[in-house]
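Below, each structure is written out as structure tokens.
In the two complexes below, chain A is the common chain; its partner is chain B in one and chain C in the other.
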Partner chain A sequence: MVRDVAMHMSDGLLNTTTSLLFGGVAVVGLAVAAARARDDLDDRTAPMAGLVAAFVFATQMLNFPVLPGVSGHLLGGALAAILVGPWVGALCVSIVLVVQGLVFADGGLTALGANITNMALIGTAAGFGVAVLLRRFTRTRGGLVAVAFTAAFANTVIASLGFVLEFAIGGDPAFSLGAVTATMVGVHCLIGIGEGIITALTVGAVAAIRPDLVYLLRGTRRELELKEPVA
Partner chain B sequence: MNTTRNKRNLGFLLGFLAVALILAGVVSYFADSDPDGLDHATLQGCQVLTNDQNVETLEGTCIAQNAKEHRMASGPLADYKVDGGEGTTGLAGVIGVAVTVVVAGGLFWVLRRRPAK
Partner chain C sequence: MSAGHAHPLHRPGDSPVHRLAPQVKIVAAVSAVLCVVSTPRERFWAFGVYFVLLCAVWAIARIPPGWLAPRALIEAPFVVLALVFPFVAGGPTVAFLGITVSEHGLLSGWNILAKGTLGVLASLTLAATTSPGELIVGLQRLRVPNMVVTIATLMMRYLEVIGDEARRMRLARISRGHDPRFLWQVGATARGVGTLFVRSYERGERVHLAMVSRGWTGAMPDHGGPAGRAAWLAGLAPTVLAAVVLGIAL
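This part shows the complex of A and B:
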């Protein structure tokens, strides 16, 4: 059997019914996200959102070591959601996954729905949910960075559970679900630390230069204090 | 928005793009090529063997053996390489950043709210 180097789920790991099911989940999720994203996009934020997608693409290429012989890479949902909002963020990660699948042969095409469900929908929702819960700590730069780290960690670990769910529904029953779950969650706890560091550094840098472009800070006192007067 | 603000905004966006291009075009050469978390989980029970043609095969029993070859595996940018060439990852990454910024930026520009006039 020939093996490709890939970062995302290949075709064949889930049965066809399950792939189609999560294809449907992805289509519905993205339709909702696209409808809601319009409210968060204007002349100023639309170009920023395009660049956030490109930044997620670039950063996903940078696998970092987590264990001997095992690497991890950014998923990017929490990062994108903190910077451009959850709806636009989900679209950013989805566009990255589509480009990777169609252009770079990374992530199977029938598995695309499941990959989008895990990384763009579940991961982004989990990351943004945690960030909103902790929003009151974002008044200081250090607080914001810590919130970004925590949100990104949750994003990675919960997104890995998406694969576990899909594998439980439509994976090869010859393999123990318990073992798959333990390996996925264990490794993604380590990857989540890397995701947390990259997200914290990026959000911290953007907040230092342009706090008005950090979605999570919108409407908070910090943004009002830092924002330069609109001329 | 006045021109100073526009200029400042453009400067920030160009800086952000430059960082993405450097990460994909240069830093990508230092990325770890070991299997990622998902790959690692699906490879449990298998050993990855590499033959003299550099083709990897799996020995043992693992989930990854169910994986099918990617339908775009022979595409010009498959595997983050340009025409499969060694050392072309950076160029592939730069192309990927460009494609992503055009596709995503274009979509978001079309979706954006325009001031009612």
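This part shows the complex of A and C:
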């Protein structure tokens, strides 16, 4: 359950100044993402963005047990970044968080800025950064699956550090930051494995059937292979 | 998305709260929770007044508290956290109900419990009186960029596409002799998750093309005009009261 605190923070975990500060960070970050996403999003890719958002939404609803009493759910930042690119991906994850806050009362309304900063901005950027660094391994299917796993793992662990930063600025000073950091990172390494598996399975399947839909594979299209018919 | 779709947290009705323009309700809910979060945690009475204000809104919206209570369980993980705090935090200790606990932890636990609960109840009130479609219209009227509204609209639509597709795939597995039990089902679902994505995309693409060919331009048609001054005044009244309470508590 520490997991839920990490990503879907409730109201009251951070003080008002910090909530507003990260609300501002989220608005600026999303404005940049929206400006850059305009180039990536057209009539053809809009349904893909909607579907990625819906998929992230659905997978965030699935909680899986990590440790006794600790459950995790997926963040989806790396999945969104690999499939629709970092800018549209950040928008998708933010929309999921806003709708969950407004429609499903999941995550505090005042903690929305901090939640968006962690999961949509930091998480997506980290996941996509790792995926781009490892892009040369994506030529084979196994390589792509491994890259997706690594990117999703990095996305989860680095996003949890966002919470540590926010807690250090505006959290309760009664808790030692070292213990909070150790718990957060430890739990998120376990969640990262689950996140990695789901991301790898999804990206692998989409790349096998519709490689044209994977943003990370743009520009790496292979020549059509003509095979001789078996006599 | 459309009004006909049932939603577990939405309670259709015709009360003044239901009829209020969605953009007013979003602004009112977010600012009210901001007031709650800004309240110093030692002002116990203020949280009581906030709760009474919420009860008044429920009375006007005709939402029975018994309907809200089970839906507020989403907060349960935080309640556990709040109960753990008094035992793990350091600092001076105090006797509470016969148990020696950390004074600081007790206050921290109370802080999260009170603010978290009021936040969840405020969000639930918003969700209960506003359908998801109306909420998106509200965001649209609050000048949220068109592209974001497009993605959000498609997302709400595709949630049901994914759900239906997942049901079809499960039915297909069962009819081929798969015997789903609680945990084994998870394995099959995980292996099928990529297929589910591609199938949902291809169905979603058809839905999208059908929408485009019927004149969809990225946003649902918005027939309501901007909310008048009276609507803003009425909608923000509980929030203004909460701000007054905050002013006294500070």
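Please note the rule applied: the second predicted complex is superposed on the first by the 213 of 231 C-alpha atoms of A that agree within 3 Å, B and C clash if a C-alpha of one lies under 4 Å from a C-alpha of the other, contacts with A are read in each partner's own complex, and residues count from 1 in each chain.
As a convention for this text, contacts are C-beta pairs under 8 Å (C-beta built on N, C-alpha and C of every residue); 3 or more make two chains touch, one makes a residue touch a chain.
Remember, it's a predicted structure, so these values are computed and weren't measured experimentally.
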item	value
Fit-or-clash call for chain B and chain C when the two complexes are aligned on chain A	clash
Partner chain(s) touched by A:Ile209 [first = chain B, second = chain C, both, neither]	both
Touching partner for A:Phe57 - first (chain B), second (chain C), both, neither	both
Comparison of chain B and chain C by chain A residues contacted	B
Partner chain(s) touched by A:Asp11 [first = chain B, second = chain C, both, neither]	both
Which superposed partner A:Ala49 touches (first chain B, second chain C, both, neither)	both
First, second, both or neither for A:Ile197, with chain B first and chain C second	second
Partner chain(s) touched by A:Thr140 [first = chain B, second = chain C, both, neither]	neither
Which superposed partner A:Ala37 touches (first chain B, second chain C, both, neither)	both
5-13, 23-31 or 185-193: stretch of chain C that collides with chain B	5-13
Set intersection of chain A contacts, chain C complex versus chain B complex	1-2, 4-5, 10-13, 34, 37-38, 41, 43, 46-51, 53-55, 57-58, 69, 71, 88, 91-92, 95-96, 98-99, 101-106, 108-109, 172, 174-175, 206, 209-210, 213
Contact set on chain A toward chain C in their complex	1-2, 4-5, 10-13, 15-16, 19, 30, 34, 37-38, 41, 43, 46-51, 53-55, 57-58, 69, 71, 88, 91-92, 94-96, 98-99, 101-106, 108-110, 172, 174-175, 197-198, 201-206, 208-210, 213
List of chain A residues in touch with chain B within their complex	1-13, 34, 37-39, 41-59, 61-67, 69-73, 88, 91-92, 95-96, 98-106, 108-109, 160, 163, 167, 171-172, 174-175, 179-180, 183-184, 187-188, 190-191, 206, 209-210, 213, 231
Contacting residues of chain B [partner chain A, same complex]	1-2, 4-5, 9, 12-13, 16-17, 19-21, 23-24, 27-28, 30-42, 44-45, 48, 55-58, 61-73, 75, 77-80, 89, 92-93, 96-109, 111-114
Chain C to chain A touching residues, read off their complex	7, 9, 26, 29-30, 33-34, 36-38, 71-72, 74-75, 77-78, 80-81, 89-91, 102, 104-105, 108, 111-112, 114-116, 118-120, 122-124, 126-127, 132, 135, 139, 145, 147-148, 150-159, 161-163, 190-191, 193-195, 197-198, 200-201, 204-205, 207-208, 212, 218
